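Following this line, the structures themselves.
Here come two complexes built around chain A, the first alongside chain B, the second alongside chain C.
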Partner chain A sequence: MKLRKLAVGLALTGAIGWATGGGPVFAQNEQFIPRLVYRTGPYAPDGIPFANGYVDYLDMINARDGGVNGIKITYEECETGYNNDRGVECYERLKNHPPTGASLVDPLSTGITYALISRATADKIPVVSMGYGRADASYGPVFRYVFTFPATYWAGANAIVEYIGSQVGGMDKLKGKKIALVYLNAAYGKEPIPTLKALATKYGYTFTGYAVNSPGIDQQATWLQIHQANPDYVLMWGWGVMNSTAIKDAASVGYPMDHFIGIWWSGDNPDVEPAGMAAKGYKAAEFHGVGANYPVIQDILKYVYDKGHGHGQRSGVGGPLYDRGVINAIYDMAALRTAQKKFGDKPLTGEQVRWGLENLDLTGAQIKALGGEGLVTPIHLSCEDHEGAGNVRISQWDGKAWHMITGWIVPDRTFLREMYKESALQYAKENNITPVNCAEVHASR
Partner chain B sequence: MLYREVGQFRTSYAADQAIFPIRQDRFGMLALLLVAYIAVPLMANEYWLSTIFVPFFVFSLAALGLNILTGYAGQLSLGTGGFMAVGAFTAYKLATAFPGLNIVLVFVAAGIVTALVGLLFGIPSLRIKGFYLAVATLAAQFFLIWLFVKVAWFQNYSPSGVITAPPRAVFGHFFVTGPEALPAYKYWFTLTFAAVLALAAKNMVRGATGRKWMAIRDMDIAAEIIGIRPLSTKLLAFAVSSFYIGIAGALWAFIYTASVEALAFDIDRSFQILFMIIIGGLGSILGSFLGAAFIILLPIFLNNLPDQLGLHVGVALVTNLQDIIYGALIVSFLIAEPNGLAALWRIGKEKLRLWPFPH
Partner chain C sequence: MHILYAILIGPFVTMAREPAFLIEVLIGGLLAGVMYSLVALGFVLIYKASGVFNYAQGTMVLFAALTFVGMLEAGLPVLLSLVAVIAVMIVLAFAVERMVLRPLVNQSEIILFMSTLGISYFLVGLGQILWGGDVHPLDIGIPSGPLTVHGILINQLDLYAAIVAGTLVAALALFFQKTRVGRALRAVADDHQAAMSVGIPLKQIWVFIWAIAGLVALAAGIMWGASLGVQFSLELVALKALPVLILGGFTSIPGAIVGGLIVGATEKLGEVFWGPVIGSGVEDWFAYILALIFLLFRPQGLFGERIIQRV
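Right after this comes the complex of A and B.
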């Protein structure tokens, strides 16, 4: 009976506290970042390093510089489990956080990005879907609050096809080749299909898609099919445990690893390590550098890990996904600085941060000053173009580490812009959005 | 003392057959509706309205639908997620193909289409029972999701297979879907659907239709002997149940998440709703609401709890703890009251009638 009373009491206290919106008091000189993360569930192996990288960078900035231009960066994590409805709940929970609400949101899930686009636009909170999300959102006049830099899946698919073209001896040699795509059967995995189909018409290769249902631990049937079809190249849009399973199953049917190319979310150590030496030769597209030998990563080790405040294991620092989390934070903070130049060094609203993102011009010199030379790709965004650079490199796993085997591959930007625009205008029509006139936006500055 | 029906005489058949024959229940219900319609939108903030109450009502409707089929008519179904997807995608196709069509009509039409699909998948129930029927409905679940993923026409050829609810308004300019929709409008809209359909369900299950369903559930051969036709009764249960679930699916896609992919309605969703009615109480309208509250609100509550108490623990630990506590609560509730939360409520009411002089 006592136990029951205690339980009821606890529950009531919690309920009252929750309902009355209790909690800590916040200082006013702070900028709040909501963190939608997944540290549990089938995608946790990939979600954890990314989440750690992001918040470790913020902690480092706060410890080393006292925040961004004197504004302390605060954050709160919310667990989505890579689940769309939990993601919406997290966004709603954190969006009105004091003092100025969410500055921007990084959903780290294409599905959650889709769910947040219209909400965040209405709430005037920018969505930064760095290297994921809705590719046609790169068309700024329609998607005012969505950013896709530095590369979309369509750009990634295009770059990989160009790489394959260079491997077979020219784009004209692609004619009659067979290219297959193994993809997670979700919004994320389906995103590159229109590009791969459009390019198939353009270059004359045959395209086949193989869907793998979440979480993707049973792919033997898929790989038997691929074995029978025997495509010249296999692309992969996989996530979490699906990646390592695919590599193991590809090896078991004897598919040559150097003809198997994953997107950047299928190119981390946990993806290849379980397959052991069988994964040797596997390739992945990347839009940034990897490793720990950058001043910014060393600063994280010095200011965060040496003081024992790291969010993860020290050994995890410098992995591809960890670095990507850091890079995401670097871009976000750069946008904040850009916005501060216009609006002043004070906590900014989502609308002001959006201006900072749209006018983000992160040059090589600035990146060097931030300690991320070679790690971070320079980008230059504008009203029309929310994607920026969009260049991609191919890296290869040698059984121990990743090595960049190409220089920067530039996707066919005119082709992609046309595709973004066409698809975005279709979205605008369905949702009664009037695209803004970018000439007027530029004139008003 | 407070809850006693002494002195309340029913002098006509109409009074005797009322939904709430006891005066306290009538006033209680009225007060609840007033609170739901007026007090909650006034007091609750945006977060509560759009991410707690809206999904709660949507799932209450889905649970109500499944409860009609499983709780009242005794046909075990695991196809709930698939039927929700039918409702969502039908509503999307209708809303985009006929932009002028009133959103309420879109939802009702989505419900009707889902009812027809449910009817189709209900046919095997005439021959197979129990777990075997569950397996047959499981086929419906997988087939329907496969269909919506595979056939791009259902998504209007969206490259990623995600459908986005177009902005629609009721009564001219009160937007209930799309980015401009106010949380309060969404809330009232969902609440009205839940309230009207719950009232309809209550009337169905206490009338001839519901009695037929229960007769089939309790012993189908005996029911057949006393003149109940299994064919029409079972199929009607499938149709009505699917109608409710279809509307719930459409509400989920349009009002709550606003953009949805077919995978949001996978097998986990079916199990989630099945757990709702098991925990809430099979064969109870109230149970559907209580079960939905338990399954939807408790995890959110547990997730928010440490932060509100000022404890700073990592999100991973919170989520794992949440699953542990949630699982433990389900087990202990089922041990304490296998008939669900609705049965607890019933026992509470019985005790209240005798209070303060039990014997």
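Right after this comes the complex of A and C.
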């Protein structure tokens, strides 16, 4: 009975202390980053390495540099399970975290990105959908708080078609060819369809889409149809188990792997390893380098893993998704540094970080200084352009590792900008948004 | 009018025009159906013997496959790994009986169903703690390339899975018909109280049936794991078994097989021949629509026991 009274007393004291401001003490020189992750569930094999890469980088700069210009970076992970509702819940839970609220949010899901666009804009918290999300959010005058750099799905689709053009002997040779898309039947998977259709009209190839419902564990019927239609190239916008299943099923109908090209979310080790040697020759588009032979990755090993503080296994460092997590963190911290130049070396609000993102100019020299030369692509953003160059490379799986087989492919920027603008203005019309005048924004700086 | 033609006539015209492709799709569907049956079998066994709809069956498939591949990766030979996993599944059966079923004896079916929900979440967590969240490739030596017989393309993995499932069903049928324990299991399935009155130990039977369902889960886990890689998505294969159960009946082993074949064949035919008309990605809900139609006319399924209640 005494023990029970003591427990109740302690609980009450704690509750009163919390209510009167005696909760956890947050240092005033900390910058908070909410981490929406998925370390459990069917998509965990892809979510874990990305999440590890991101926080390992933050831990490294805290350990090596004492944070960003003396500001320690703090973070808290929230498990979304790759579910939109839980993603929104995580965002709401973490957005007001002390001392200045969420600096920005990386949703790591196209569906969650869609769900957060209006909320985050109202809360003045930038959404960084690095290589996913709404492609038309690249048009900054409408999507003030959304950033899509360094490449959107539309840019990815455009670059892949350009690569196919180079393989068949020129873009004019695409006429009469058949290009198919196997895609996850969700917002993410459907993103490249407008681009691929528009390019089909432009270049004269035939486009066919094959939807695969989540999770995509059974695609036999899809691949029998593809076997029957015999397209010249098959593209894939898949995620999780859908990727490895597609590669296996493609092999089972004898589809040539070197004519099968996935987007970057379909190009990691968990996608090809279950298929074994059948995956040899499979290709994927990438917007960054891959591997562990970069100074920044070596610093992570030195300052985090050698001290026993790594979030994953040492062997996982340097995989495509791990590296992508690191790159996401590098970009986010670069935006923070840019914002600090204007607002001072102090914890910044989401609104201030948004300014940093919009004025991000990460040059090759700066990337080299950060230890990411060859890993990270340079970015130059502006009020009009929240994407940057959108350059893409093609990598190929040789049965053991990924190898880059092309240089940077530059998509058709004029074509893409027109598409972004047209779609974004339609969104603005439907949502009563008045696009900002970027000339005025530039003048006010 | 055009849409009616596209839905009601067009697909059959295509089938008639391309008979080889029709046979290819049909065989592919039937073989895929056998893979569904493998999972459905586990549900049927437990429901038949204890009246419990085991929500955790999909997770048991995952857990068995994860443990198997974990043992292999730890350096154990294949046979030893198999024996070890069988032992783990038997221990699990004992644990379920002692910690879940026994305390809940005489509770309503919904309570027992909810308890299997708990078992499912427990196994997912335990699996992740023990073996991590990575994808584990599982190569059981089945070639992945295309196999063409008289111009008809056949998925080799599905073909081997059909052989495994067929062997498993034959073994289970023999076990149920010819052994003493099998007869006891059938007696319990027919009438718990009558079986107990003639001295059949109900609790031991429960352990036995959960252990057998565990072994079926292991077989399904290995075949599905060889196809997808052993990863947490494996628990979702249970979704494929549900329409099979509705069609075949929850209490019939032949029903699980026939149901699997029907679901596999119709969903593939639906996807290939009706998908282009009504939008691709139809195969998942196509099976459920079929199951719904069956529910309307034959709620106990093709081979299930007719539900008769005195009022």
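By our rule, the second predicted complex is superposed on the first by the 422 of 445 C-alpha atoms of A that agree within 3 Å, B and C clash if a C-alpha of one lies under 4 Å from a C-alpha of the other, contacts with A are read in each partner's own complex, and residues count from 1 in each chain.
Everything below uses one rule, namely that contacts are C-beta pairs under 8 Å (C-beta built on N, C-alpha and C of every residue); 3 or more make two chains touch, one makes a residue touch a chain.
Keep in mind it's a predicted model, so treat the numbers as computed, not measured.
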{"item": "Touched partner set for A:Pro274, first chain B, second chain C, both or neither", "value": "second"}
{"item": "Greater chain A contact set [chain C / chain B]", "value": "B"}
{"item": "Touched partner set for A:Val253, first chain B, second chain C, both or neither", "value": "second"}
{"item": "First (chain B), second (chain C), both or neither touched by A:Gln396", "value": "neither"}
{"item": "Touched partner set for A:His227, first chain B, second chain C, both or neither", "value": "second"}
{"item": "Touched partner set for A:Gly209, first chain B, second chain C, both or neither", "value": "second"}
{"item": "Which superposed partner A:Asn62 touches (first chain B, second chain C, both, neither)", "value": "neither"}
{"item": "Chain B versus chain C as contact partner of A:Ser266, first or second or both or neither", "value": "neither"}
{"item": "First (chain B), second (chain C), both or neither touched by A:Gly240", "value": "second"}
{"item": "Partner chain(s) touched by A:Thr40 [first = chain B, second = chain C, both, neither]", "value": "both"}
{"item": "Chain B/chain C common contact set on chain A", "value": "39-40, 44, 48, 185, 211"}
{"item": "For the chain A and chain B complex, residues of the former touching the latter", "value": "13-15, 17-18, 22-24, 37, 39-40, 44, 48, 76-79, 81, 84-85, 88-89, 92-93, 96, 110-111, 114-115, 117-119, 121-122, 134-136, 185-188, 190-191, 193-194, 211, 214, 423, 427, 430-432"}
{"item": "Interface residues, chain A side, partner chain C - complex", "value": "39-42, 44-45, 48, 185, 209-213, 215, 217-218, 220-222, 224-225, 227-228, 240-241, 244-245, 248-249, 251-254, 270, 273-276, 278"}
{"item": "Of all residues in chain C, those that touch chain A in their complex", "value": "18, 21, 24-25, 28-29, 32, 124, 128, 133-135, 137-139, 144-146, 153, 155-158, 224, 227-229, 231-233, 235-237, 240, 267-268, 271-272, 275, 279-281, 283-284"}
{"item": "Chain A-touching residues of chain B, taken from the complex the two chains share", "value": "45-47, 50-51, 55, 96, 149, 156, 159-162, 164, 166-167, 178-180, 256-261, 263-264, 266, 300-301, 303-305, 307-310, 314-316, 318-320"}
